[in-house]
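One structure is given here, and the rest of the page talks about it.
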Amino acid sequence: MAIRVNPKLIDELETYGAADVQNCYHCGNCSATCPFSKEPFVIPRRSMRNLQMGLEEKLKGTFEPWLCYYCGECSQQCPRGAEPGETMMSLRRWLTSRYDLTGISRLFYRSWKAELAALILVSLVTMVAFLVMGFSLGHGSLGVYAGAGALFPDHLVHILDLALAGLLAAVLLTNAIRMWWLTTGRNRNLHISLWSYVKNVFLLPYHFLFQARYSQCEKKLPWLTHLAIFLSWVTMEVLVILLLERFHSPETVWAAHVFGYLATIGLLGGTIYAMVGRVRKRETHYKHTHPTDWMFLILIAGAAFTGIVQHASYRWLGLDSVANIAYLIHMMFVVPLLAVQIPFSKLSHLAYRPLAMYLATVHTDALASQQAGAAQTEPVRLAA
Amino acid sequence: MEELKIGVFICNCGSNIAHHVDVDAVREAVEAMPGIAIARSYKYMCSNPGQEMIARDIREHQLNRVVVAACSPRMHEKTFRNACRNGGLNPYLCEMANIREQCSWVHSDQLAATEKAKALTNAAINRVRYHEPLESLTAEMCPATLVIGGGIAGLTAALELADAAHQVYLVERTATLGGNLARVDLTAPHLDSARDLLTERITRVRANSRITLMLNSELQSLAGYVGNYAAIIRTKNGSGEVQERKVDVGNVVVATGYQEFDAGRITHYGHGKLPNVVTSFEFEQMLRKGRIETRHGKLPQYAAIIHCVGSRNKEFHPYCSRVCCMTALKYAHELKSANPACYVSDIYVDMHAFGKGHEDFYKTTSEVKTLFLMFEKNERPVVRKAGPNDDCEMLIEVNETLSRERIEIPADLIILMVGMEARADSGEVARLVNISQDQEGWFMESHPKLDPVATTTDGIYIAGTCAAPKDIPDTVAQARAAAARILGKIAKGKIEIDGVFAEVNEDRCSGCRMCNELCPYSAIEFNDQTRRSHVIPAACKACGACVAACPSGAIKGRHFTVEQLHAQIDGVLA
Amino acid sequence: MSFEPKIVGFLCNWCSYTGADLAGTSRIQYPPNIRVIRVMCSARIEPDFVLRALASGADGVLICGCHPGDCHYSEGNYKAMRRYPLLKRMLKDYGVDNDRVRLEWVSASEGQRFADIVTDMTERVRALGPLRIKTDLQTDMVER
Amino acid sequence: MAAKKLQIALYWGAACGGCDVAVLDTNEFILDVAAVADVRFWPIAVDGKYSDVEAMSDGELDLALFDGAVRNSENEHVAKLLRAKSKVLVAFGSCAYMGGIPGLANLVTKDEILATAYLSNASIEPGNQTVPRARSAVDGMTLEIPSFYRRVYRLQDVVDVDYFVPGCPPAPDQVKAVLLAVVKGELPPRGSVVGASERAVCDDCKRTKSEKKVKSFHRPFEIIQDSSRCLIEQGILCMGSATRSGCGVRCPNSNQGCRGCYGPLPGVSDHGAKFLSALASIVDSKDPKEIEHILDGLPDFISFAYRFGMPASTLQRSYK
């Protein structure tokens, strides 16, 4: 059945950051240089083509953009300056907005003012909530940072963290299922055995933690910076969720704190490096910056910095009230970061990328077995 | 017959001949034959010393015949004829024996190769005994030229000739000048106006006193040969009655152009049935009126351009019509500039952007967001009316090659890039001026690479799209090339007719007229008064068909007479 | 020593002679039994030449021209196409085996084809043995 | 003193006697000849014997007209005898000049001829099949008859011939012209053909000639002919375009195609091959199969092409 061409889709993708896609005349240089473009995936040319022709259903049905780690080689090779790298980035943004049923992600990507407003709103709400919680419910005082009478007692913060984590996990999970459905579930002629699903499950945590695929790119530095930021962020999460009390105990438990310091350095260093890169625009993947990229970086950097201030003022300077204020501001960065960025914006890729890797392997196995079946019918060709 | 003094020169050609043929044995075998004044062998006969040796021997030994046993006559016959001429001997008194391409290179057995070389040399000697000196004839060259076709090619050629102060008769079938170019608004890739190109030419043609412009006229007949053609032109004036006028010309430039492919022949495109499917020329009319709109006066939101309509496929024409790709890009630009909100899809087979500035033009067309869709040339798209809930007039279904998807393209207006084909009446024009056509009906040039504007018939030149599809720069270049060739001949004043042609011995011709119909160049005229046939030397191409067929043996094939060939047969079997 | 037939070849300048030259430049080997006479067009070859060649000692005659439609003079080869079958019928009545006289179309690019034709014809005429018209005519004049 | 009378002789080799009759056809003119010439030897008309000729001195005869081909040893013997005895020996008529109708025998072997004549012929009763032999014993005597050559020769193949007069038979006025030329001594250089034109029959033929394109060949009786139009254009075989004129276009004027008895034009070495070349060239077809079909309309073309000149053809006989 013929698929309807929709020339208007390109205009829509321009709002997601794509540019000059129409210049591509399919010489195939990009796919030739892309290290990940191997059968059955043609990265980035197939997506460029489907985008040019406005085949929305096809675009929604592919996870190829998630297999691209924006090394920027393709954009350098492109004779027509069609920026395939940036197009793939914009496709990831567009896909994120497709997976999110609420439509909020689409709103944020289409107008950065909306997203900024949302962020500010959420951070204000967080501030008010914490203050109300701190002064009224917990009867804490500004001057006390830890222990009984602390402005923000550990157990309250825990409840808040867990609640937030649960909410985010739920949202992410629905979007991930929708991603599975769009790319694999509704695909009639792809028969994937349950065993194949189970067998490859280990890929999810593996890619989540190590971004193994990113390491296969030619230049290793981008992978390392990303890994540093990511691991630091995970460490912080773990520390905050599990060892919060230990942090607030008077003596310094070096065994935990050293991880804290490392994670903070990783987060701060990585984000500053990324921001400087995006300002200088020397590497290809830092040439084009979408507003959402800025907001994402600013939030992390802000969270990390305020984290340090809070820790230093409490741990080293003993200024509890300053620590409390710092902690409040810290939360005003962290909550919007988690509440907005994860489900509706850039950070959701932490779920989509590992899932894409996993699905890629599952797809390849399924296709291989189907072809194997087909291979028998191929006429055998004896060695020359 | 004067006493024969034959010089035989046998070439080693380095080792090419000497490697398999014992050259000295051949020389010794030939030396003793009657009439041989001198027999030599030499390393490279075609070298300057080799040629000088021939000239010197002719003078010193008063040679009146020369035989050169060396490579193929197709290679160096001219060289050795010149050598004889330099020695003061008529060039036609020289004969070659091919003992390289047809002997040493193809027979490794040295004994057999040498025997064969002897036989071939002996045959050449036998033949050269009967050679007669031949002089090339000259004929006056009439400086006037007939140009058929008033398009850009005809206009350019006419101007070029008239500017060189020569009389030109420009014959145009229709009432207006400009031909196909007059039906075009802008030209690719610089979007300059076709009207400006033409008006400049037409005003100069009308102003030039040396160009006799004959509109509504056709060539009725053309008789004679290069330099001496008599053309009869038939003109229909306003009131429908016909006058005929005879003009004498030396050369003819055929610039009759092309006709567009009838898009109706491809039923899938629905031209003629769906109102908004237009051909490129119909779209040009829209552009000239300055308003791009569908038949219902609506600005098209979706426009589609389909390439290769009638070109590059098995069913209609295998060749590429060369100009449609850039014209299609021009339309994409014009559509977008007329209505920026219009989504243009360009459905093509391959993008032939071969000329100057074409690739950039292709790139800028991409930049204005034209959607390029490729299809396989023999799997043409199908156009159908869209359904009620579609937001477009028509849908084009095609297998898109780049994405290997079967797609449907929305279109409110479809422009068919119709290809070029030979004019329906090109057969008559070809017969009138006695030139041949290839199987597609295009006129055949004398040599596709070395001689593109001349034809195998001397004095008849072809320029522009009547020979093959081409764009304006090539057409103008060919028109000027044809004019230059003619000016070269006019400057010489006389035309040289090669000495080799057929000749009727009127004392022997019985008027049986067996030969009249055999000549494809109608070079044999029958004189009703004297009841004798006569060969026109200039028109005769020396194929020898009439010589062999004349039952009285009254037609002599100069340089290929019966005596010469009989002698060669006996010689080769000696 | 096996019988070496003498074959006279009449080749047209524009196609078959050029094809034979191409066989040369490509060094395609073929038997030396053929001796080529160049004419401008196969239309110039008269049946009389064939008979004269046979009477002068040839064991076979090969006539070559351009493929129909390729003739440099546009219709020359059609004349050869018409004369050859009538000559072939006459030769049959003369008792000369039809394999001894052949008409073949060879284009300027068919060097290999020319070599194959010459090889094939040489073998066929060798199998037919010597024609011996020349010697027979000489003995006619002596013994009655 | 009265001019010495011309001594002339006529003889007939393998002939039908038509040429001798042609001499008489000059009607009263023969009396003028008789007035100026003595016919010393003319087997058909006067009683001269071989012994009379053998008794003559060499060159005694001023003119000898030899008609008929050389088919057996007697023809050759007399030819050599007359050659010796006469100043001018003329091959008179197509048989002597080109082999004529008897010459067609060269298409078959001597044995086939004898078998057809004496063995397998319908009119021979079985058991009475005797084949003539050069020497045979009859009534105790040996009977010698001239030996039957294995092929037919032209006069010039056995002796030197001074002049050739073509025609089967030569037209009476041509005979008269030849005799007058001899009487007046105005003869062209030795070896040339006399009594015929240097142009083909078409030159004198009154039929209108236009461009020649033949789609099919017919026998004269098969179609209704247009007597004003060239025969070959109507597909009727006529060798006039390749044959010397001089006969007064007798055959085409009686709606019958010329058969070429006056021989080829000067410079043409093979009469039949030349006509073949012309005829085939005007076959109006470019398709090999259609050409073969058209040529099927010419059964036994060799016999038509060399009807009067098989021994004069390049191959002279068949090699079956």
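Every chain is named by a letter (A, B, C and D) in the order it is written, and numbering of its residues begins at 1.
The rule we apply is simple: contacts are C-beta pairs under 8 Å (C-beta built on N, C-alpha and C of every residue); 3 or more make two chains touch, one makes a residue touch a chain.
Just so it is clear, the structure is predicted and the values come from calculations on it, not from any experiment.
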Chain of greatest Cα-centre distance to chain A = D
Where chain B and chain C are represented by their mean Cα positions, the distance between them in whole Å = 33
Rounded to the nearest Å, the gap between Cα centres of chain B and chain D is 55
Approximate Å spacing (C-alpha centroids) for the pair chain A, chain B | 68
Multi-chain contacts in chain B: which residues touch at least two other chains?
-> 518, 545, 548-549, 562, 566
Spell out, as numbers or ranges, the residues of chain A touching 2 or more other chains.
-> none
Touching two or more other chains - residue numbers and ranges from chain C | 43, 46, 48, 52, 75, 79, 83
Using the contact definition from the top, classify how the chains connect: line, ring, star, complete or other.
-> other
Residue positions on chain D within touch of chain C in the complex are 73, 76, 107, 147, 149-151, 153, 157, 269-270, 272-274, 276-277, 279-281, 283, 285-286, 288, 291-292, 295, 298, 300-303, 305, 313-320
Chain C-touching residues of chain B, taken from the complex the two chains share | 72-75, 98, 100-103, 105-109, 112-113, 115-116, 119-120, 123, 436, 456, 500, 518, 520-521, 541-545, 547-549, 557, 560, 562, 565-566, 568-570, 572-573
Which residues, counting only chain C, touch chain B once they are in their complex?
-> 6, 8, 13, 17-18, 20-21, 23-25, 27-32, 35-41, 43-46, 48-49, 52-53, 56-58, 72-76, 79, 83, 115
Residue positions on chain A within touch of chain B in the complex are 1-5, 7-8, 10, 20, 22-26, 46, 49-50, 52-53, 55, 58, 80
Can you name the residues of chain B that touch chain A in the complex?
-> 302, 343, 345, 351, 362-363, 366-367, 369-373, 397, 400, 402-403, 405-410
